[in-house]
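Structures incoming, each one as structure tokens.
What follows is a pair of complexes built around subunit A, which joins subunit B in one and subunit C in the other.
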Partner chain A sequence: MSAIFRRPGQPVAGRRRPMRSRRDIALPYAMVAPLLVFIGALALYPTVLTAYGAFVHNDALDPPNHFTGLGNFQSVFSNPQVRQSLENTGLYVVFGVVLSVGLGTFFALLLQRRFRGRGIVLALMVLPWALPGVVEGVIWSWILDPTFGVLNSTLKSAGVISQYQLWVGTHQVESIFFISLVQVWQITPLAAILVLAALQAIPHELYEAASVDGAKGWTLIRRVTLPLVRPALAIAVVEGLVMSLNIFDQVYVLNAGATTASSLMTETYELAFNNLNFGQGYALSLLATVTTIVLSLLAVRIIYRKVEF
Partner chain B sequence: MKSRTWLGTGIAVTALGLGVCAASSASTVKAAPASASIKGQTINVDIAYPAPKVLLAQFTKETGVKVNWDYVQWDNLQTKIASAAEAHSYFADVADVDWSKVGEYYETKWFMPLNSYFPLAGVKSQYPQAASFIRNGELEGMPMDSSMLVTTVNEKDFKAAGIKSDPTTLAEYETDLKAISSKGIAKNPLDIPFAAAEGLSTYWYELTAAFGGQVLSATYQPEFTSPSSAGYKAMTWMINAYKSGLVPKAALDEQDYQAFETDEAHNLTASVFSDYSGDIGTIYNVASESKVVGDVKYIPTPGVNGVGSNLGNPDGIGIPAEAKHVAAAVAFIKWMEEPANQAAFAGADGSADVISTFPLPSNRGGLADLVKSNKVPGAATEASLLENHSRAIFPAGAPPWYSQFSNAVYTNIHSAASGSESVAAAISSIASTVKGLDG
Partner chain C sequence: MRRNRFGWVRFIGIVILLLWSLFPVYWALNTSLMTNSEAQSSPPHFFPTHFQFSNYEAIFGIGPSSASTAGGIGRAVVNSSVESLGATVLTLVIAVVGAYAFARLRFRFRGALFYVVLATLTLPVYATLIPIYEILTHLGLVNTYIGIILVYTSGFLPLAMWIMYNMFQALPVSIEEAATIDGASTLQTFRSIVLPLVRPGMAATAIITFLFGWGQFIFPLVLGSTNSTQPLTVALSALAGRHVVPYTMINAAAIVAIAIPAVIVFFMNRWIVDGIVAGSVK
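Let's turn to the complex of A and B:
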């Protein structure tokens, strides 16, 4: 058996579609219609309003509202706090995607083989995914607490540090790394499950054939496993990208209002709900949305390959 | 005069004054009689306090108005108010009006002026912190409590360090803290919440007042830019306290209540210069969560030349512009303001009616009832401080752009404490923010 790699949309030669009734054609659309209405009302409509609002001067403290073209975008880009949050968000994305996909793949490889208690491990692994970001932020604020935190006491007992450390709040990269870890803890389980599902679909014969050719260990992973799980990796990367680019809860709880580790979303919240400049808030939201879409499409384009066995 | 003698005199005079006010206050603010026009209505109330269920049931019985009291955490509540108001959507008939939002609401017209329901003359005479809710003669909300910034000390720690009387000046205060630290009683005795949040801003305002000044003038010009100004000195003092170890290093990440509950309540620190009124009853004397029950007390805030001011940071309640049941809302607010109810919220009647975290009654009648009940430790001291030393943070009221100003304050002070920028750079950044906002 061999794996066939095909780009999305590439036709398969020699196949002919069967005739379908009107009912068969309409049925799938009817079934997804409620979801489409839901998405349209709660996601698409607000997105359209946001896109419109981004080009309107809308400051509750400086009425009236009026069309301002790119004025909101110029204002946000000239705001040093926004620029800082953009830089920080870049770091959140790098840490978030690399760590969640890397760790997710690692755990998936570990869990690929059946062992006693594997089901329990899988269930426990998914728990962080089920918790709200705010709850995770609070839990980790206790773990990272510079006075009572478990991390400090464990590392000090192990002799790794000589005194309790302030993990968040002092240095930009360090603060962002630790806050990212909290989110990575949340999103890695989904990456692991996606990759694990893809791993389990790979026919065993492929590994046997590769072994016969002398491949083993890391070579097997690199030449057989990873190429065949590319679709899952693409989805995991997109998930990591979306979550990291839009990180808010963990930053809000662990970083409060400091610029040290602020994110694009906390800055958007600040502009809209504290500064009451809704136009600039819309502009930053739109920027985040467009960036998310562009980077996601890029990730899919680079990583995704259709796999058939 | 020693601080204890002064304080005792102040308390006695205040008690007498409040007693006179209590006698006259009963006729000033009363619950509206059950009116046919509001009977049967249901109002939504969004407040950052849990509901006093027993008293609320009485209100419904008296007026026929049912209250859906939605307890929303303060930050979330401000977001909710902003979202609903911007969308011109109804969300509640009565909602929180924080002192810091009064300027904002005056500009945005998100809340109805209450002048026609609560005559200004009466409000000013009965409410020590009325000024915080009046902007250009418009009453944006009624004070719901008399929260103010106060200094608390762990009396046991101070005595253990051999300190025989409460500090009355900043110099004495600093000396006492250093003594507590050097004797190993509390290695880092001063609690300052340096996380980039509102609690850091108000801490700076309180210290600025202690240094004999204010952060903004009556025309909202910065008064802290010169190194000899009170605000500059206050910030320098705070940063030096952190860097010298008077303040725990962990405080860099701690917001106000987090710091008080983690540090002061566990005796890791010995004093909070800018604490919140009511914290003794709601944090330090709560046996299940505190290790300093009975040890912490309020003292007159030490200033550079003697007793300093206690700046007010009260919460209020108002009627959103989109409210549906205005008459019922007014009746509810009047009921909330009744002195007996205000005293009950603060704990005068026992735990059934107390509102957890409620600091002090908003009006003089309520304060008198609370002091008379003798049920809340430190109430008499707080009432004295309120009457004799309390003032609004900004003489002209909070500016409309207060949120942005506060953001500049706490992010820059936090950065200065973390070492990312100097005090001079922080001051300069805050001042230029003010200039940009004030136009």
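Let's turn to the complex of A and C:
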């Protein structure tokens, strides 16, 4: 999409300056210094500590700390609760990515053309994205309440269910689906905005040209629209992937400490801050960090193809 | 005819979109205005029969049914505001200045440093959570506003820098070149020519940063053990976790936490959309 225009003979590295005083040379470094200090001290340095801590025995209940090689990973993987949370997180990712990107694309297609009130609809659609995950967990837990919840009473009076259901708590896949739905509620606007922006960047002539060639309806969407919004879809997939791999707030509120629907993040929190076993917490953190980065890169590779128009 | 049918399909789609986006918030608002017995009635009431604000009075410690169940929501609102605003101001200043240098100035290691900053965008919470807890404990910054603001700022900076970088890139260089030819120094050009032009971008960055701060949960949960620094999210989850608190009151607290983001979204959503798009251009 991007092209670099360079006249022959023009130096690559920008404009040429006459003489630069010492102050001028120092200025850029002074401008980026605060940024680098913050990121160095509270992002990069902690990450290094995580990578190191994963290989150190660090258990507040069993001191002292010592190097343990892969010991933390062994105890983490032999822990059935951790294995359950790994499996659960897989489900969170599948539900989260498929539902948020699917629904987001649907919303974007609805909002693609101008109509009266479109601005307001867009503003209202963004609302769930702007709300804290915890708050969403809380208001949805009332909707999903097994005794007084509006979902139960509505579905029962519509004849869909014969008796009130415990949506979250007993059945693994069902619990994860509903907790995931709450997160999907939050992140769908993001996917919708990304896809919508891509849709609106498509030149109108492309549709006209395709129509002249006899394409219509579904063919138009599949052959013109879809290829051109592919990069936006890729970003939406990656965002959904990262969010659902990191799901915590909604699980913390709705699952309330049970292992049925625990996520990798709630399990990490549990290991480090309830069991006070920082070593195992670090091991799980390192795994999750590497997984997040690798999966994001893979998703970009698979879906992102350069588009020219 | 066909056109008409398409209109209907879209109309139904928009109705679904609005129900999906608004119903949960409406339901919380509805419940928060009811008495506990009305909230538990079956079939459910889709409007409160008589509005009453006792739930709000209770969570803020006003009126009869307060003290015992109130979760210090008033204090939590103050904490959330201080922490989110503090982090927003700090993030915005540092990100704008840094992004300008990366976008426009030439210096050694510029590319390498830029990619280091950008790479931290992909770091998940996992990577930093436990070490940050250990570092702040070591520095005695647990249970302080400063500690929380520093942590938020470090987390929000990469995205804020990236949004501002894209905003600066979208400006034509010729304006700055003209200023330089007229004898303005780099700093003068930045302050009086460039900054006014990227005001919309700064608004977008500030709004998104504030909303992120307002929604933070796991870091303040770990970094604050007393309600002196606990934001609304932590106070709300504590309130919901105590099973004696009626749902009407919990929903009132949720509506308090929703109010500010809702106002922001309604009046400033243009900037939010711009910011999200600018933050995703890859």
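Keep in mind that, in the parts below, the second predicted complex is superposed on the first by the 268 of 309 C-alpha atoms of A that agree within 3 Å, B and C clash if a C-alpha of one lies under 4 Å from a C-alpha of the other, contacts with A are read in each partner's own complex, and residues count from 1 in each chain.
Rule of thumb we're sticking to: a residue touches a chain if its C-beta (ideal position, glycine included) is under 8 Å from a C-beta of that chain, and two chains touch if they have at least 3 such contacts.
Being a predicted model, the structure only gives us computed values, none of them experimental.
Clashing of subunit B with subunit C is the outcome of superposition onto subunit A.
Touch criterion met: A:50 reaches subunit C, while subunit B stays clear of it.
More residues of subunit A lie in contact with C than with the other chain of the pair subunit B and subunit C. Look at A:273: by the touch rule set out above, it reaches both subunit B and subunit C. By the touch criterion defined above, A:235 lies against subunit C but remains apart from subunit B after alignment on the C-alpha atoms of chain A. Once the two complexes are overlaid on the shared chain, A:259 sits against subunit B while remaining clear of subunit C. When both complexes are overlaid on chain A, the residue A:145 reaches subunit B and subunit C alike. By the document's definition of touching, of the two partners only subunit B reaches A:166; subunit C does not.
Subunit A residues in contact with subunit B (one complex) as well as with subunit C (other complex) are 141, 145, 147-148, 256, 269, 272-273, 278. Considering their complex, residues 78-79, 82-83, 85-86, 104, 107-108, 110, 195-197, 248-250, 252-253, 255, 262-263, 268, 400-401, 403-404, 407, 410-411, 414-415, 418-420 of subunit B touch subunit A.
Residues 10, 13-14, 17-18, 20-22, 24-25, 27-28, 31, 39-40, 42-44, 94-95, 97-98, 100-102, 105-107, 110, 113, 116-117, 120, 122-135, 150-151, 153-155, 157-158, 161, 177, 186-187, 211, 214-218, 222, 232-234, 236-237, 240-241, 247, 250-251, 253-254, 257-258, 261-262, 264-266, 269, 272-273, 276-277, 280, 282 of subunit C are the ones that touch subunit A when the two sit in their complex. For subunit A in complex with subunit C, the residues that touch the partner chain are 13-15, 24-25, 27-29, 31-32, 34-36, 38-39, 41-47, 49-50, 53, 103, 106-107, 110, 115, 121-128, 130-143, 145, 147-148, 150, 153-154, 157, 185, 189-190, 193-194, 197, 231-232, 235, 239, 242, 245-246, 248-249, 252-253, 256, 264-265, 268-269, 272-273, 278, 281-282, 284-286, 288-289, 292-293, 296. Touching subunit B in their complex are the following residues of subunit A: 60-61, 81, 141, 145-148, 164, 166, 168-170, 254-260, 269-270, 272-276, 278.
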